[in-house]
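To keep things clear, I will list the structure first and then write my remarks on it.
Which chain is which? They are A, B, C, D and E, in the order written, and residues in each are numbered from 1.
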Amino acid sequence: MVTRRSAHHQRMRRKRRHPLGTPPGTLTVSPEAHPTSVHVMGYGPAEWMERQLTREELQELPALARSWPVVWADVEGLADLEAVQKLGAVLGLHPLALEDVLNVPQRAKVEAYDGTLFLVAQLPSFSGNLRQEQISIFLTDGIVVTFQERPGDTLALLHERIRKRGGRVRDRGADYLAYAVLDLVVDSYFPVLEGMVERMEALEDAILTAPRRDLVADIHNVKHDVRVLRRAIWPLRDALNALLRDSFPHLTPDTRIYLRDCYDHVVLAMELLENLSELCADLLDMYMSSVSYRMNEVMKVLTIIATIFMPLSVIAGIYGMNFNTEVSPWNMPELNWAWGYPFALGMMALVAGGLLYYFWRKGWLWS
Amino acid sequence: MVTRRSAHHQRMRRKRRHPLGTPPGTLTVSPEAHPTSVHVMGYGPAEWMERQLTREELQELPALARSWPVVWADVEGLADLEAVQKLGAVLGLHPLALEDVLNVPQRAKVEAYDGTLFLVAQLPSFSGNLRQEQISIFLTDGIVVTFQERPGDTLALLHERIRKRGGRVRDRGADYLAYAVLDLVVDSYFPVLEGMVERMEALEDAILTAPRRDLVADIHNVKHDVRVLRRAIWPLRDALNALLRDSFPHLTPDTRIYLRDCYDHVVLAMELLENLSELCADLLDMYMSSVSYRMNEVMKVLTIIATIFMPLSVIAGIYGMNFNTEVSPWNMPELNWAWGYPFALGMMALVAGGLLYYFWRKGWLWS
Amino acid sequence: MVTRRSAHHQRMRRKRRHPLGTPPGTLTVSPEAHPTSVHVMGYGPAEWMERQLTREELQELPALARSWPVVWADVEGLADLEAVQKLGAVLGLHPLALEDVLNVPQRAKVEAYDGTLFLVAQLPSFSGNLRQEQISIFLTDGIVVTFQERPGDTLALLHERIRKRGGRVRDRGADYLAYAVLDLVVDSYFPVLEGMVERMEALEDAILTAPRRDLVADIHNVKHDVRVLRRAIWPLRDALNALLRDSFPHLTPDTRIYLRDCYDHVVLAMELLENLSELCADLLDMYMSSVSYRMNEVMKVLTIIATIFMPLSVIAGIYGMNFNTEVSPWNMPELNWAWGYPFALGMMALVAGGLLYYFWRKGWLWS
Amino acid sequence: MVTRRSAHHQRMRRKRRHPLGTPPGTLTVSPEAHPTSVHVMGYGPAEWMERQLTREELQELPALARSWPVVWADVEGLADLEAVQKLGAVLGLHPLALEDVLNVPQRAKVEAYDGTLFLVAQLPSFSGNLRQEQISIFLTDGIVVTFQERPGDTLALLHERIRKRGGRVRDRGADYLAYAVLDLVVDSYFPVLEGMVERMEALEDAILTAPRRDLVADIHNVKHDVRVLRRAIWPLRDALNALLRDSFPHLTPDTRIYLRDCYDHVVLAMELLENLSELCADLLDMYMSSVSYRMNEVMKVLTIIATIFMPLSVIAGIYGMNFNTEVSPWNMPELNWAWGYPFALGMMALVAGGLLYYFWRKGWLWS
Amino acid sequence: MVTRRSAHHQRMRRKRRHPLGTPPGTLTVSPEAHPTSVHVMGYGPAEWMERQLTREELQELPALARSWPVVWADVEGLADLEAVQKLGAVLGLHPLALEDVLNVPQRAKVEAYDGTLFLVAQLPSFSGNLRQEQISIFLTDGIVVTFQERPGDTLALLHERIRKRGGRVRDRGADYLAYAVLDLVVDSYFPVLEGMVERMEALEDAILTAPRRDLVADIHNVKHDVRVLRRAIWPLRDALNALLRDSFPHLTPDTRIYLRDCYDHVVLAMELLENLSELCADLLDMYMSSVSYRMNEVMKVLTIIATIFMPLSVIAGIYGMNFNTEVSPWNMPELNWAWGYPFALGMMALVAGGLLYYFWRKGWLWS
């Protein structure tokens, strides 16, 4: 249960960083935030460049944006409050949006602050327990800014695609880049979901072979992870839906077709989650019916044993009575029969055999 | 449980063919894909022709389309990536749509790419376990392209109808052909549903006669199949609803009336599925109440036996005590009675009879 | 369970009359269809006439329609395919609508084919088990055509009202006649629902007095009937709602007010059904808690008996031990006490009495 | 269970007064209807009058309406069919609306018949069992007609307010009077709901102290009443919502603000009902877990007793065996030990003590 | 259970202050209301002032509003009916709104009375048991009036922020002040939710270690608090949604962006509540499966003990039978064997050992 508990704690604790009464839009940095580094790429169909920017060099961004068709500033780690504020000032990002960037985790959402499109999504990963990292995306004219909580490999795949001219990203604008980041986030759900399917299959095997008690906790554990993912992906679907439905600045109709594809993937992931959630309920049902069944089995053993041995006990008890056989011929004449003992044992065998036959007929012996 | 597990695996595994980070719109072929063959029919009210096209002959399609009122290219098997790409290039199909064709299974959907209507649906079949095959349909001016995962008999029924001038299909345009394909897919759900009803009836009989333990797994198995079908048919309903509600190119009002009929069939299939799903829940209820009932029965047997034989045991035990009858007349005088033994046996018979009568009055003996 | 099973079978089997691949709009007749008879009435405020039409006389219908304000052709039995086709040709009914007429049962619906309003509804009846009969209604200028699966008494009530000038039907147009038919169908649900309430009350009594095992099957049986009716009445509500909301040809605003009343009745029937459905769930709950309670009672009897007689058995056993009293004064001196036997019996009585008192205090004896 | 059953019966029976086939709009009177009396008030800001009208005087109503700003005709009891018909004729009320007035109970609703607003609501009361009375309201120019099933105290509160110039009712129009009646009906739900809360608290106490078997029936009884109220109040909310949303004749914007307040009260009552409904489910849960817990307790007692006394029984049995001690020194030498008997008793005490200690450690003794 | 019961009572009782029939809009004061004090602040970007107003000084408010950009009148305690009426008269507040202010608790809502925006929300707090305090907010030109049920610390945080020029509140208008109050209310939900998470973790620990009986009541207790909060926060979300969606007077587009942020927080709190609600259900599941599991364990102990000792008892009983060994060699020759007693004991050991081995193989001994 450790995993599950700590996951909650984390979520609740991280959320309540501001003390009650802090003015809205106040930027504060979490003590566990990773150190910040800003990696900038500029590219067009023909060329590309990349460099790390220090906090001071951030004000060169507008100039870079003028010289490259698309500029992508990828911020890893959220510890450097000053750098984030400077980025916000240089590119005109709204303080409430920046608060959402730092104050992780937020629900996935899409918001338009005049001239800027702001997107938040959760990137899941699973290695032993489920983790989520917030990816925040700003899209303005020719500039995309992404914020990651931790340095990670996922967006690096996109850096590589830009360098190697993989896919269409070099030929298209900033909106396509923003889509490509979102698409990577959505695709990251699938390996995590696959991992959960495997955990469930292991649980199902365990339930069918030996329903140990801790399986209930394990099933609830998976159930909890399903819910965490569901809570991450439902608002993501709503956000993508808003992107498709409403008109936002900077989004070309062509990119919209790609976003529709991305939306389809989110819906597919949601369906898999629904499926997993229903399987969790099935597993609990199976566990409970397995426990009931075993109880039944135990009760049958008890009943069979008691039903067979109690009459035997009574027979033995009867011939252990001390009635004085010499007083009258009615007093336990069996005791003085030559075949008295075999007669008693035979009676016991008969009773036991008869009851066994009865149970066999009732189908209680082999089931 | 083998069926069920493998069904999942398949679904999840097949879905994750692309490694994370593959650019969207990349066409890749599944290693288990069937070899590709392209069968083309051209027809009008008066005449028809059909031929197999090799990969090279695919570029004759536009010419064929100009000489026949309706041309239907039926692609069976998805292994030949080059042929699919060529078809896409010749007819102007969108790469994202082609990705959906190859990257099976997709959710049923309808999408308009300028000039082309793209439809995806799942064709179910059941022989031992439930399978689904994706049918993808492109509808452009006078041309219908269908993609099947495997060579199959279902669309062959339509080929035959065209050859024999059955129904209205020869007298109508390409949109009616697309509808006829969809109608076949929808009608294919009914034999599968009938098969599930039969499985359920067998389960119901088994539960009422002998609630074996593996029935739970069987019920969950059916439940799983119901869910798989439901997940296939809900988006199909949405897609048909979109076809009826929105205005799409190439759809005549007359065909729309037929699509409404098709939509009614989908709704009927959904209702049957809901019914099956509720029956699954009923079966589980019945199983659990059957188990409870049997437990009760077992407990009653135990209680009756224990209640009858324990007092007998005590009576026998009493007369087996070794109090010295010679010390006083109060010490077990019964042992020296002439009728002591019959008295003891009689007492036992009385107690046993009395308790049996009590249980009979309580209605525990025959129930 | 026979009732329930066969009901399913019937529904599924009847639905699948066409083999897979039959062209849509193909009219076929069910082998169990009743023979067809066509009864025609023409009426106005002042006069009325009625006659049976043979298959050949059907073409006189348009002429009749011109000479009477309202003409009602009531077709009973669906076996005569030719007559149905002729009716369709004479009055211009759409082949898909005629397919729905013959291919019973359909979901209740309302559809407009240009110039004609087409309505389908299910007429329920209950005598031992639940049956449904499909009533199909066509409304065109001054003509109403109704199709019944079987000759029946329900629409005869309306014939009688027309003959006797009961209510407003003679003074109003064809749309009011169509409404009157629908109203009769809706009113037919109430006696059936009343019958189900009575079945449920009988079940409730049985559960409270003696929860036999087959009650579960009976409850599920009622549950199944509730679902069948629900599945009939939900689409009927949607159809009536569409009639009220959308503008259809041939419907006057005045008739619309009457349809609103009819809609209210459907909603009331639905509420009663919801109530019945919740009562079913309650009955199952009651049954299960009744079974649990009885289990508890059985366990209590067992525990009381075992707890009282086991110590007695041990006491008797102790004084049945064969320790040699002559070896030492410590070896079972009680055996040689003058009051040893009464002492032992007294001890037993004390133990038994004490335990009985304990159980009485715990409230296990009378509850 | 008497209460509950009869409540159903009543509802179903009363509903089915018309035989099947009765023309819609036919007015009939229930045999249990109360005698009719018509009480008329006319008032304005300055003056007011009131009188009882006989059936003949009803035609003076339009004249009264011309001489007073507001006229309120309050009809108590629905037995006098002629009076109702006359009222309908004099004020131009629609026959379908009058049918709804007489054919109680109807679902709460609001309907506009040209020139007239027609409202139906259920007035609940609880004294031992739940009763509902239908209040029907007609609002036309300056005239409000209310129909009550029985003479009652509730609307009398409003008469009194008019007489005493309490609140704003004298200063405002007929629409405010109609609102005031509705407001009284809505407020009547709260004392009934309070009563149900008290019943539930009593049930909760009973479950926690002694879960008797009939509590299940009692809980289902409350559940049933919750449902009856819910079925009364949901359509009332819809009706009020329609009043607020749609534009109706005779409703001034000012009254609309008061209706919004009334709507808030209905929503509050609905929330309380939802709460009560959830509490019912909680109570059933508690009952079941209480039963399970007691079962556990019973089983523990049985197990402890059996586990302690069975070994003792075996020890006593062993020393009751009749092996011949004289044949060999191996044959039950204990019987001839000087301390044999104390040794055997001690062994028993040791075994019993050890097992008690074991159970105490397991926490089974006090829990 | 004390907490829970009293919470209900309170809610229901407080609600029903007016007797049935009281005219709407009548202002009455609850007997438990706190004494009233009115604290007024006026501020602009540059300066601020604050003072307490007596009942008589309330009419200076309009003058104050003219001399300061924003004036905030914070009313603590609702006992002084006259002061509230005077405030209403001076600022033109609608009597129905004032009734809602006094008649606590109301559902959260937003309403526009011409020229005034009226907001109600519940401020939760938890110290031992859950309490809610109603905050009512009026927003007119440059004036914000807030009503609190009790003097409290929460709004004091905002007073302090105004004094110290914290955040943006001094630079903005009255609408921002109203938002800031709402934001404080919403933020107050989070510490309460955190406290509930801690209660739940304690319960989860208790269930996994020792499922005592009163845990069910505790879980239902938490469940009840979850529901109370949910019932407070759902309408708050609807109210905020209405604020964002509809156009209200006095709300600037800039403040609307902040309200969107506030709305996001409400949605987050709702998600946490949903999570808690699902955890409650999980805990009940766990408790029940824990109880079942323990029952199983108890049954196993009983069965093992009975199965082992019953056969031993029978063996001992057999050799305690009194058959006369001298009559024939078949009568219990074992009794005279030299090794008879060890043979019997050995047989017992063998039987016991064999059964223990059997149970060990079945996995019943250690599980």
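Simple rule for what comes next: a contact is a pair of C-beta atoms (placed from the backbone, for glycine too) under 8 Å apart; a residue touches a chain by one contact, two chains touch by 3 or more.
Because the structure is a prediction, the values reported are computed rather than measured.
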Rounded Å distance between subunit D and subunit E, as computed from the means of their C-alpha atoms: 26
Centre distance in Å when subunit B and subunit D are each reduced to the mean of their C-alpha atoms: 42
In subunit A, residues with contacts to at least two other chains: 292, 295, 299, 302, 306, 310, 313, 317, 320-322, 332
Category of the chain touch graph - line, ring, star, complete, other: ring
Successive chains along the ring, subunit C then subunit D then the rest: C, D, E, A, B
Contact footprint of subunit D on subunit C as seen in their complex: 154, 157-158, 160-161, 166-169, 180, 183-184, 187-188, 190-191, 193-194, 197, 201, 204, 208, 257-258, 260-262, 264, 267-268, 271-272, 275, 278, 282, 285-286, 289-290, 292-293, 295-296, 299-300, 302-303, 306-307, 310-311, 313-314, 317-318, 320-324, 327-328, 330-332, 363-364, 367
Parts of subunit D lying in touch with subunit C, wherever the complex brings them together: 1, 5, 8-9, 12, 15-16, 18, 20-26, 94, 96, 99, 106-107, 109, 111, 113, 210, 212-213, 216-217, 220, 223-224, 227, 231, 284, 287-288, 291-292, 294-295, 298-299, 301-302, 305-306, 309-310, 312-313, 316-317, 319-322, 325, 332, 334-342, 344-345, 348
